[in-house]
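The structures considered in this document are given below.
One chain, chain A, links the two complexes that follow: it is found with chain B in the first and with chain C in the second.
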Partner chain A sequence: MAKSEIYKPIQARVTSKSPMKLRADFLKRIFKDKRAVVCILFLFIVSIVGIFAPIIAPFDPEELFYDSILEAPNKEHLLGTDAIGRDLLSRLIYGVRVTLTVSLLAVAITFFLGTFIGLVCAYVGGWVDNVLMRIMDILLALPSIILALAIVAILGPSLTNAMIAVGVASIPGFARLIRGAALTIKSSMFVEASRSIGSSHSWILRRQFLPNVTGILLVYTTLFIGVAILDTAALSFIGLGAQPPTPEWGTMLSEGRNYMQNAWWLATFPGIAITMVVFAVNFLGDALRDIFDPKSSG
Partner chain B sequence: MKQFILNRILSGILVIFGVSIFSFLLIHFIPGDPVRIMLGINATPEQVERLTHHLGLDKPLLVQYGQYIANLFQGDFGTSLKTGRPVLTEILDRFPETVKLAVFGLLIAVVIGISLGILAARFKDTIIDKLCTVFATLGVSIPSFWLAILLVMVFSVKLAWFPIANGTNFRDLILPACTLGVVASTMIMRLTRNGMVEVLSNDYIRTARAKGLEDRLILFRHALRNVLIPVVTVIGLQLAGLLGGAVIIEQVFNWPGLGTLALGAIMSRDFPLIQGTVLFMGVVYVTINILVDILYSVIDPRVEMGVKEAS
Partner chain C sequence: MKLKSPRKSLLLFAIFIFFVFLIIGCSSDTSSTEGEEGTDTNTPEEASTPQSGGTITVGSLQEPDTLDVHKTAMSIASVITNHLGGTLLGVNPETNELEPYLAEDYTVSDDGKTLTFKLRQGVTFTDGTPLTAQVFKDTFDRILNPETGATVAAGLVAGIKSTSAPDEQTFVIELEAPSAPFLNSLTSQGYLQPLSMAAIEQFGEDYGRNPVGAGPYKFKEWVTGQSVTLVRNDDFNWPQSSAVNQGKAYPDQMVYKFIPDEQTMLAALDSGSIDVAINVAPKDVQKYRNNPDYYVLEADRQGLGLFLEMNLEDELLADLNVRKAINMAINKDAIIQATINGEGTPSYGPIPSTIFGYDPNVESYGHKLNPEEATSLLESSGYTKNSDGFMEKDGQELAFELSIMGPHNQAAQMIQAMLKDVGINVSIQSLEAGTLMEQVAQGDYQMSLLSYSYSDPDILSMFFHSSQIGGLNHVRLQDPELDALLEKGRTTVEPEERKQVYAQVQENVVENAYWVPIFAEKVFVVVNSRVKDVKMNNVSVEFQDSWVQQ
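Then we have the complex of A and B:
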């Protein structure tokens, strides 16, 4: 996917407001933007569907209906059934859990390690920055899907390993972006003032760096969620992620691909589900980018 | 200019050196005994010992790396465990197919991206512009493998215009290239649109309009040329991305390129082949990036000046 769009740097807006005030300010700005509100609402509903899947789903995702194999969408099975008679809608609903959990955990790996590396590089500078950034450059020299594939090759195919692979593969790009933003903050007057009065490194990092990169972190993290959903689904699709019978959207698409000629619904609905969720996440990311960096809006 | 090109090449060589360390270490990152994993649980101790010796894994790490690099310089990327053929031969057999797919995909991306970008900028803030923005967001949101399936369902299964993935003829190339092209076009479209909007608000465009020049002439002769510099850069980067990142599409369409080779190697745990393809893709990616940077500095000398000022 066109990841380079994500790697568009955002200028850090340095402010000395208190973290509490900054948070309130962020929320106010986010909830003023209609696009952001609609996307948040949609993603909230999707998450609720995932959380309450056992209540909402009409059937168990692994229940077999032997008399309804490859049945087209009908009153009983709203989205039809698959090749061994499982209800597609129920599997899609349970799939929300798997897909979102795995993607969010992958992004958490990217977020924590990427932010840590980015902030340390910017704050410490010198040889630490040089060494870490050269390592990031080397990892960035490989397309992220190749890096993810290499990691899965090492760890072996499974959903957990796909999650780790997708999370780790995004760290270099994320760290580089956070480093860029943090460098702007490092050169601001109030950080220099804190240093000159002897504030500890951890205090400066926690109280001055983090609050000022929150907006940027929010934008990048949102955009990386979209990438994580697509990449984990892609790995599952080629058999290196979730394994059947796990109701994961990528795996479901892969299964549906074998029945393109006589059961169009199998490959259609999981694709629509992935696209809608990633579309909402990306649209939200774009809206957040416009909110936190109006100059970048096109 | 010479200094800039030299610096760029040197930093590229350093990165390639780093990628070689990464690809070398891949086998050492495997938890447990890599040779046992490659051979499977039924392997005899003799087989394990023989392969360990063959791969040089019984030597100290530094010696292994030295040997690995020395072999690379002689064009020896190792031997595929599955086919017994040299890894480089396997790669070079498949690479032309990947290039063919990537170049054709890029061509489609450029045509769609630049046309829609111009259209969106010309009709800024109208429904056309908004539809183009939705297309761009949709393009980065749709899983490329699903788009591929949709295209096959419509154009191969329903309409029977194209074959269902099984060859390397021109007709087999169209659907995978279209899939890659549509996804890659979104970035080009956004850049063209934003650049055009900026350029169209310049004084010289207003003057051209005041002189009564035709809209078409203003758009293509005066505005587009100034927008193309960053677009050309992105097109180059997209090519690098497509050469390395078309793995999934190659797999969907059964296209015999580097992607399917890499996937097959991962599935069969053929580590010499995995190492070789990772290294090869890294080298291709870095080389294209360097070429794009150099091309950019040739088209727009401010880039080189920017580097000088920064240093």
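Then we have the complex of A and C:
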């Protein structure tokens, strides 16, 4: 997924349909797209696996089996065991919980704060817009992972802090997108009309701005989930995210890296897990973009 | 990558999955052929006559901070500078006994306080200045001068009252009190070599990047982040007496390449871009044992490869029953199996059998694995299990933070799980090595994992003497009785008597369960077979007889 595509502004849909009808329309179009359906289905299954981890996982993810250390995949341990004798499959399954919770919460932080800052900048304009956007520009100059590293360095290494760091680090990009989209809406006739009849700011923001940026919000939130999963894994990989013995995919990948030559399964399976989920999320994001892109709607 | 058609992207997805499984398939093939039992260490074949020329390239995970041996605390600096200069006495790689090097002979006075060294003649520094007793005096004075800011070197010469050079060939050291470990300290690789005072004057602050000594090699260049290159000193003919090659070294150059990642280091060894890899993990050694293109050197570590230390200033750990319970809850064999492939022996006392003064009785009175007794010890201290399955007393859970550095991550997770079984809640804090050492030195921790290497039991006075709080006395122990024993151990020169003292020290340390000694392990060096006759003793890798097959 090329980064540039994430930031490519999308022309806002200006529509007169009611939000209710809009939603039904969106859903219909999503379900028409096979790509989106497959990805949603895959992510749904993954989530179910995570939710029911205690039932599905064959072992306790933190239990050590001293007599089956570094076992290759076999009947008892389907994906093998790690260097200290823990069942890899169970750890992967429990890892779904960690990965999804953390990335969703991180995205929630980005989503709320990013949307808020973006909308306020666009709507208020003037010096508020200038100050906030210059701050965002400064932060944007840093790659999000570097920013996340700096935040974790200040807060200390833990899963919660990694989540906050990843969430906060993505805010600038998100805020910029929302602001761009909102600016287009601001200059539209219906907003001007509402203003002239004395509608309150909050009403305009809620009823006219928000529904019109929903499409972009949905697309980019989805895409950011992929980024968040990767960034969280990356932080954990270098020891700044999940702390042991938490079964986090990035940590597992990092622990397996030293065994590439003698136990291929340790790094391979967490690697595949991360790749597949990120792949699915990104595909879904791509599909959603095509669906919401007014040019491609037929 | 803009995919318009859903079908096309699904196809791509399928191809990707296929690829992933293809890769797994391939790697499972290779791993199945590697599982054979390892045979004995390969020795280089066709030991023909040594040839001159060529380069030996050594891979190192670390890069030194400076090559001024007085100012560094990094072992890699001492390893490199060991090629640049000699020490007064050497260690015979086979017998591990002291032997002449730059000193032809030495005498110890009856009171054990005066050491007189008779220096070898005809030794010159690589800048041409002759090596005299005065240079030794100047070198030692530089270490003892607080302005130098000497670290490890200063620790090694601690206890010196004065030095003198009555004539060109005689160097005298006066000690404050007799010291059993002192002669051994003099052999320390690199650290106590005589330095060219002319070079120190010439380079000043930059001496650390332009070292000059009187060794088999001279310094050529240091490319930061990459390598240090040394070239042969053609005048060298004063190696230590056990070396077969009593003349100059065979290779033209020695290169130390800095490769900060273990797996990259092994890849470099496989590709032939390095000839020697130091400190190879046991799990990775196996495949080189079966390969005729390499040979593996191994030695028992002098020291402990892993031990857990506890901070007595912590109110929970001040309870002896808690410390004993922790000792009994940890399964050493499992940790040895998992972290070092079984290439080590469990330790029950603070020093291993490779260090003088080891008391074999620790194996009988040391704390053994016994989770039931651990639980009952905790119960006798008033702890009961709470609803989470953890021990609790007066509403306070028995919970600790275990501070570690990256390489001990696995062992830490195992200890976490083992202690959980007896109701002790452990969280792991992984820190960068420098930060960890600072925190434990300041007593800002509860439990920590460390390892050490040292050649003399006097190391125990660094770990447990009350004067070392703020230094290595991480347990923050203040016990006048043990202090007295440790001082006696240092000043007792008669070996049998000294052994007795250290037997008492070990018993004291084990009974009070300040540490959980875990294992002493083997240290491995892998050498490409084109480089012949690399040797290793318990302390260092020796290259004096090594040569490169052209």
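By our rule, the second predicted complex is superposed on the first by the 291 of 298 C-alpha atoms of A that agree within 3 Å, B and C clash if a C-alpha of one lies under 4 Å from a C-alpha of the other, contacts with A are read in each partner's own complex, and residues count from 1 in each chain.
One rule holds in what follows: a contact is a pair of C-beta atoms (placed from the backbone, for glycine too) under 8 Å apart; a residue touches a chain by one contact, two chains touch by 3 or more.
Small disclaimer: the values here were computed from a predicted structure and weren't measured.
Visitor: Applying the touch criterion given at the start, work out whether A:154 contacts chain B, chain C, both or neither, answering first, second, both or neither.
Guide: In the superposition, A:154 contacts chain B only.
Visitor: In the overlay, answer first, second, both or neither for which of chain B and chain C A:286 touches.
Guide: After superposition on chain A, A:286 lies in contact with both partners, chain B and chain C.
Visitor: So, A:233: does it touch chain B (first), chain C (second), both, or neither?
Guide: Once the two structures are laid over each other on A, A:233 reaches chain B alone.
Visitor: When the two structures are overlaid on chain A, which partner does A:145 contact: first (chain B), second (chain C), both, or neither?
Guide: The first partner, chain B, only.
Visitor: Contact-wise, after the overlay, does A:72 reach chain B, chain C, both or neither (first, second, both, neither)?
Guide: A:72 sits against chain C, while chain B stays out of touch.
Visitor: A:44 contacts which: chain B (first), chain C (second), both, neither?
Guide: Touch partners of A:44: none, neither chain B nor chain C.
Visitor: I'd like to know which partner A:52 touches here: chain B for first, chain C for second, both or neither.
Guide: After superposition on chain A, A:52 lies in contact with neither partner.
Visitor: For A:278, using the defined touch cut-off, is the partner it touches chain B, chain C, both, or neither? Pick first, second, both or neither.
Guide: Only chain B is touched by A:278; chain C is not.
Visitor: Touch check for A:257: first (chain B), second (chain C), both, or neither?
Guide: A:257 sits against chain B and chain C alike.
Visitor: Going by the contact definition given at the top, which residues of chain A touch chain B in one complex and chain C in the other?
Guide: 1-2, 5, 239, 257, 260-261, 264, 268, 275, 279, 283, 286
Visitor: State the interface residues of chain A toward chain C in the complex, per the touch definition above.
Guide: 1-2, 5, 33-36, 38, 62-64, 66, 69-70, 72, 83-85, 157, 239, 243-245, 255, 257-264, 268, 272, 275-276, 279, 283, 286-287, 290, 296
Visitor: In the complex, go through chain B and note every residue touching chain A.
Guide: So the residues of chain B in touch with chain A come to 14-16, 18-19, 21-22, 26, 29-31, 137-146, 149-150, 152-153, 157, 183-184, 186-187, 190, 193-194, 197, 234, 237-238, 241, 244-245, 247-248, 251-252, 262-263, 265-267, 269, 271, 274, 278, 281-282, 285-286, 289.
Visitor: Residues of chain C touching chain A in their complex?
Guide: The touching residues are 1-4, 6-7, 9-10, 13, 16-17, 20, 23-24, 27-28, 31, 34, 262-263, 266, 281, 283-284, 286-287, 331, 334, 337-339, 406, 409-410, 412-414, 416-418, 420, 427-430.
Visitor: Touching residues of chain A toward chain B in the complex: what are they?
Guide: It is residues 1-5, 134-135, 137-139, 141-146, 149-150, 152-155, 226, 230, 233-234, 237-240, 250, 253, 256-257, 260-261, 264, 267-268, 270-271, 274-275, 278-279, 281-283, 286, 298 of chain A that touch chain B.
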